[in-house]
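Look for chain A in each of the two complexes below; its partner is chain B in the first and chain C in the second.
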Partner chain A sequence: MIEVKGVSFTYPNGVEALREVSLTIHDGEFVAIMGQNGAGKTTLVKQFNGLLKPTRGEIFVDGVNTRKVSVATLARKVGFVFQNPDHQLFCETVEDEVAFALRNFGFEESTIKKRVAWALNLLDLTEYRETSPFMLSGGERKRVALASVLAWNPKVVVLDEPTIGQDHKQKEKLRQFIVQLIAQRKTVIIVTHDVEFVAECNSHVVLMAQGKIVAKGSAKQMLTNSALVTQASIVSPQITQIFLELADLGMPIDLINIHEAREALLNFLEVDS
Partner chain B sequence: MSVFDGLRFRRGSSPIHQLDPRAKFFYVIVMFVVAVLFNELLPLVVLFLIQIPFVFVARVQREWIRSLRGAAFLAIIIFGFNFLFTYLSGQYELSYVLERSFAMSLRFIVLVESFSVFFLTTSPDHLGLALEQSHVPYEFCFAFTTAVRFVPVLAEEAQTIMDAQKTRGLELERGNFIKRIRNYIPILIPLIVNAIRRSLELAEAMESRAWGATEKRTNLYVLKLKKSDYVLALLSILLLVLAVYIRLFLPVPQLGVVLRI
Partner chain C sequence: MTVIEAKGLTYTYPGGTRRALEDVSITIEKGEFVILTGPSGCGKTTLCRCLNGLVPNFYGGKLEGEILVTGLKVSEHQIYELARHVGLVFQNPENQLFALFVEKDVAFGLENLGVPRDEIRKRVDWALQMTNIENLRERAPHELSGGQQQRVAIACVLAMQPDVMVLDEPTSFLDPLGAQQIFDVISRLNKELGITVVMVEHRLDLASRYSNHVVVMDKGKVVLDGEPKDVFSSEAARLIGVGIPKATRLSQVLEMSGVRLGRVPVTSEEASQVLKEVLSRD
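What follows is the complex of A and B.
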């Protein structure tokens, strides 16, 4: 469980990125943090593994105050996948890349082997075991970065902009993958601008604006509330927008994804005929 | 990154900022030569002190101090090595060895000091212009100014990479000296790879905007040497002549001996 208690954060250059933020994320929860650029999303998640420490207030990860422990200690619990995989890849082979963190955490060599094989398999990378990560495509590099974090099986997985630069197929794979993680009782936190992706995932949503949390709730509550959506400077999913326009016909206006839209349309046609 | 911070240009309007980069560069070269001419502490202390007024006139004290703080680490290593080896040779007495080792560190500090004043008060644009007007091919001028301009970008990127690797359990401060240096490999490789990628992208972006289409470039601003630039150049020449004269014809006493008199 991650508890954020009245956290404010100011960068050394004087930019106040978080103001009195309080939030609780339970085990096994799937949360999408959304808001415009500069709203403080990345600053907030960087607090979860201690990369940044609050200027005021406190953060507890499973009851441990983030001020009291090192990033390496917190990282065992909170895996963080950065937006740009090129900021972390440096090994000669994909295999070494995935094993890097495991070696840092002092796993035994036999365990490392098993874990690496497991993580590579999980992300469809087994065939690239011996390849240099620099030879892979953008999407594949992103998966290597993800594998290198999942390999140590952290309880919480934070993904910063996971859908950027991914084609539709990869996004769908990523979604299914997150569903799997949730099934394993892991906490998944994503930072994203991709409303369609969030609508499809149907996660919880935290809306942020100007360093504050505007609202937290289900994707449905958040993304169909036009006042909140405007406040957080995002746009409702296209499905929601269409159904809002069709409200005059007696269509429901709280839909966010294709499945719901299909149901609603079928119902509507049945009633009509 | 404190050393880089101490070298990063900040806009200002002091008389030092308005000097021609060529004149300032000449002064830096003279400082460099004079500092290398002397092994003795006394002249190096003088060199250190005569630059301080420049710093205050340019109002860059804080950044200047920061660059010196960054250089202090290397200066201490220089002191250590010189002290160790001169003392171990057993030919000199302790006071002489101390003074000599201190002089060597101070020489390094003087070099950093003059470079710091130069870079803190000279905008990359002016520097590029100065190079161009000194008939350096435009490609080189451009490469140089771009490199200078990208230093802060790289510093920021280095920070992100450090965060990413810390997240994967890398502890930079762990282990002995060799291990600590090795700890930086996971940071340096992505940094270099990204820098190369970025430069290739930049080259493509520039070429698609017709870089190098005109053979002869003209500039809106043209640098002209002013009276103050000539004064600085003249002072630098005088300093150089004086230093060479002292080196060739006068004995330089030990500072310890001078102070005792």
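What follows is the complex of A and C.
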């Protein structure tokens, strides 16, 4: 469980990035943090693994105050993928990169081998095993960063913009994998601007603007509320936009993804689905 | 008038295991708004790098085939000469920013071209305004959030007003409302000044409405090249895993359930319209 209690954070240059933020994320929860550029999303999640410590207020991860434990201890619990993969990758080969944390945590070589092979396969990177991460495309680099964290199966997974540079197929694989993590009662926190991905995931949503949380709730509640959507500088999913125009004809206006849309339309037209 | 003409481009990065581009030929006319899409690793960024000479001049290796941009043979000109005509927004904004202040970064290209001071100031102000970062002008680029950095990178190219703007996933770090505003700005420059736009995008739900030409690549090759509605409704696009706009996708799943729509919507307005007709049919 992650508890954020009245956290404010100011960078050395004087920017007040978080203002009295409070939030509780339970085990097995899947939360998407969304909102305005510069709202403080990255600054907030960096507090979860102790990369940043609150200027005021407190953060508890599984009951432990992040101020009172080392980053190394927190790092065993909280896997963190940076918004920009270049801040994370440093090994000579993709394989070493993905094995790095596993080695660091003292796993056995045979386990490491298995976990690395598994993660590379999950993220479609097997062919790049021996390639330098710096000779990959942007989307591939992001997937190496994802693989290097998912490989060691952390209890809490924090992914800052996981879908950047990913095509539809990769996003769908990632979504299915997150569903599996949740089924194992892992906690998954993503920061994302990808409204369509969130609509598809149907996760909880936390909306941020100007260093504060403006609202939280289900994806449906958040993404179909036009006032909140505007306040957080996001837009509604395309399906929501389409159905807003069909309200006069008696269609529901709180649909967010294709599955719901298809069902509602077929029902209305009395076609068997 | 043809602005970009690539013929048989084939390229392997030094040390690369396979071809990043394989026999790529495309023709882009002045004033087109082209979306370039396809699976991660298919060669989109590499093609962008060919348009301003980074490939092969900076990355090395041999580029086979020929490429002309605004009538210039890219292979016969230096990157800085081409910069006058082609502006590239990098996929990773951080790699593009190096000045101490945002304002300096945005002015840099113009200073290099020897543009007069007054004109530079005007254009920088305008670019900062268009990207909504006037309040960040005196901040250090490396102390900005991801989306703020991307806005700066876009402002750098907007300020240059080149004949061709190449934008490699220019809104991947932007909040969705900001992304829409940037698309609107670029679309306006495209329509009013006839600036040719080549934009790499995965999030086609947002971008499709602005485009009149879509190119899909897969494994280093161009596999689809045409109008948005034709490309998005093709079976190939779905199989490759292109993120077809939800408007188009919805029409496809309805057709599969036997609901005839009659035409292919790309934007949400088009989809609402088509659905209105279907729902009030009987």
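Convention: the second predicted complex is superposed on the first by the 258 of 273 C-alpha atoms of A that agree within 3 Å, B and C clash if a C-alpha of one lies under 4 Å from a C-alpha of the other, contacts with A are read in each partner's own complex, and residues count from 1 in each chain.
FYI, a contact is a pair of C-beta atoms (placed from the backbone, for glycine too) under 8 Å apart; a residue touches a chain by one contact, two chains touch by 3 or more.
What you see is a predicted model, and the numbers here were worked out from it, not measured in a lab.
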{"item": "Chain A as common anchor, with chain B and chain C clashing or fitting", "value": "clash"}
{"item": "First (chain B), second (chain C), both or neither touched by A:42", "value": "second"}
{"item": "Which of chain B and chain C A:262 touches, first, second, both or neither", "value": "second"}
{"item": "First, second, both or neither for A:86, with chain B first and chain C second", "value": "both"}
{"item": "Of chain C and chain B, partner touching more chain A residues", "value": "C"}
{"item": "Contacts of A:122 with chain B and chain C, given as first, second, both or neither", "value": "neither"}
{"item": "Partner chain(s) touched by A:194 [first = chain B, second = chain C, both, neither]", "value": "second"}
{"item": "Touching partner for A:104 - first (chain B), second (chain C), both, neither", "value": "first"}
{"item": "Touched partner set for A:70, first chain B, second chain C, both or neither", "value": "first"}
{"item": "Touching partner for A:215 - first (chain B), second (chain C), both, neither", "value": "neither"}
{"item": "Where chain B runs into chain C (options 183-191, 201-209 or 237-245)", "value": "201-209"}
{"item": "Where chain A meets both chain C and chain B, residue numbers", "value": "84, 86"}
{"item": "Touching residues (chain side chain B, partner chain A) in the complex", "value": "157, 160-161, 163-171, 185-186, 189-190, 193-194, 197"}
{"item": "Touch list for chain C against partner chain A, complex", "value": "13, 15-17, 37-41, 44-45, 91-92, 94-95, 139-140, 143-148, 151, 168-169, 172-180, 202-203, 205-206, 241-247, 249-250, 253-254, 257-259, 268-269, 271-272, 275-276, 278-280"}
{"item": "Chain A - residues contacting chain B, complex", "value": "46, 49, 51, 70-72, 75-76, 79-80, 82, 84, 86-90, 100-101, 104-105, 134, 148-149, 152"}
{"item": "Chain A to chain C touching residues, read off their complex", "value": "11, 13, 15, 34-39, 42, 83-84, 86, 127, 131-132, 135-140, 143, 161, 164-171, 193-196, 230, 232-235, 237-239, 241-246, 249, 251, 258, 261-262, 265-266, 268-269, 271, 273"}
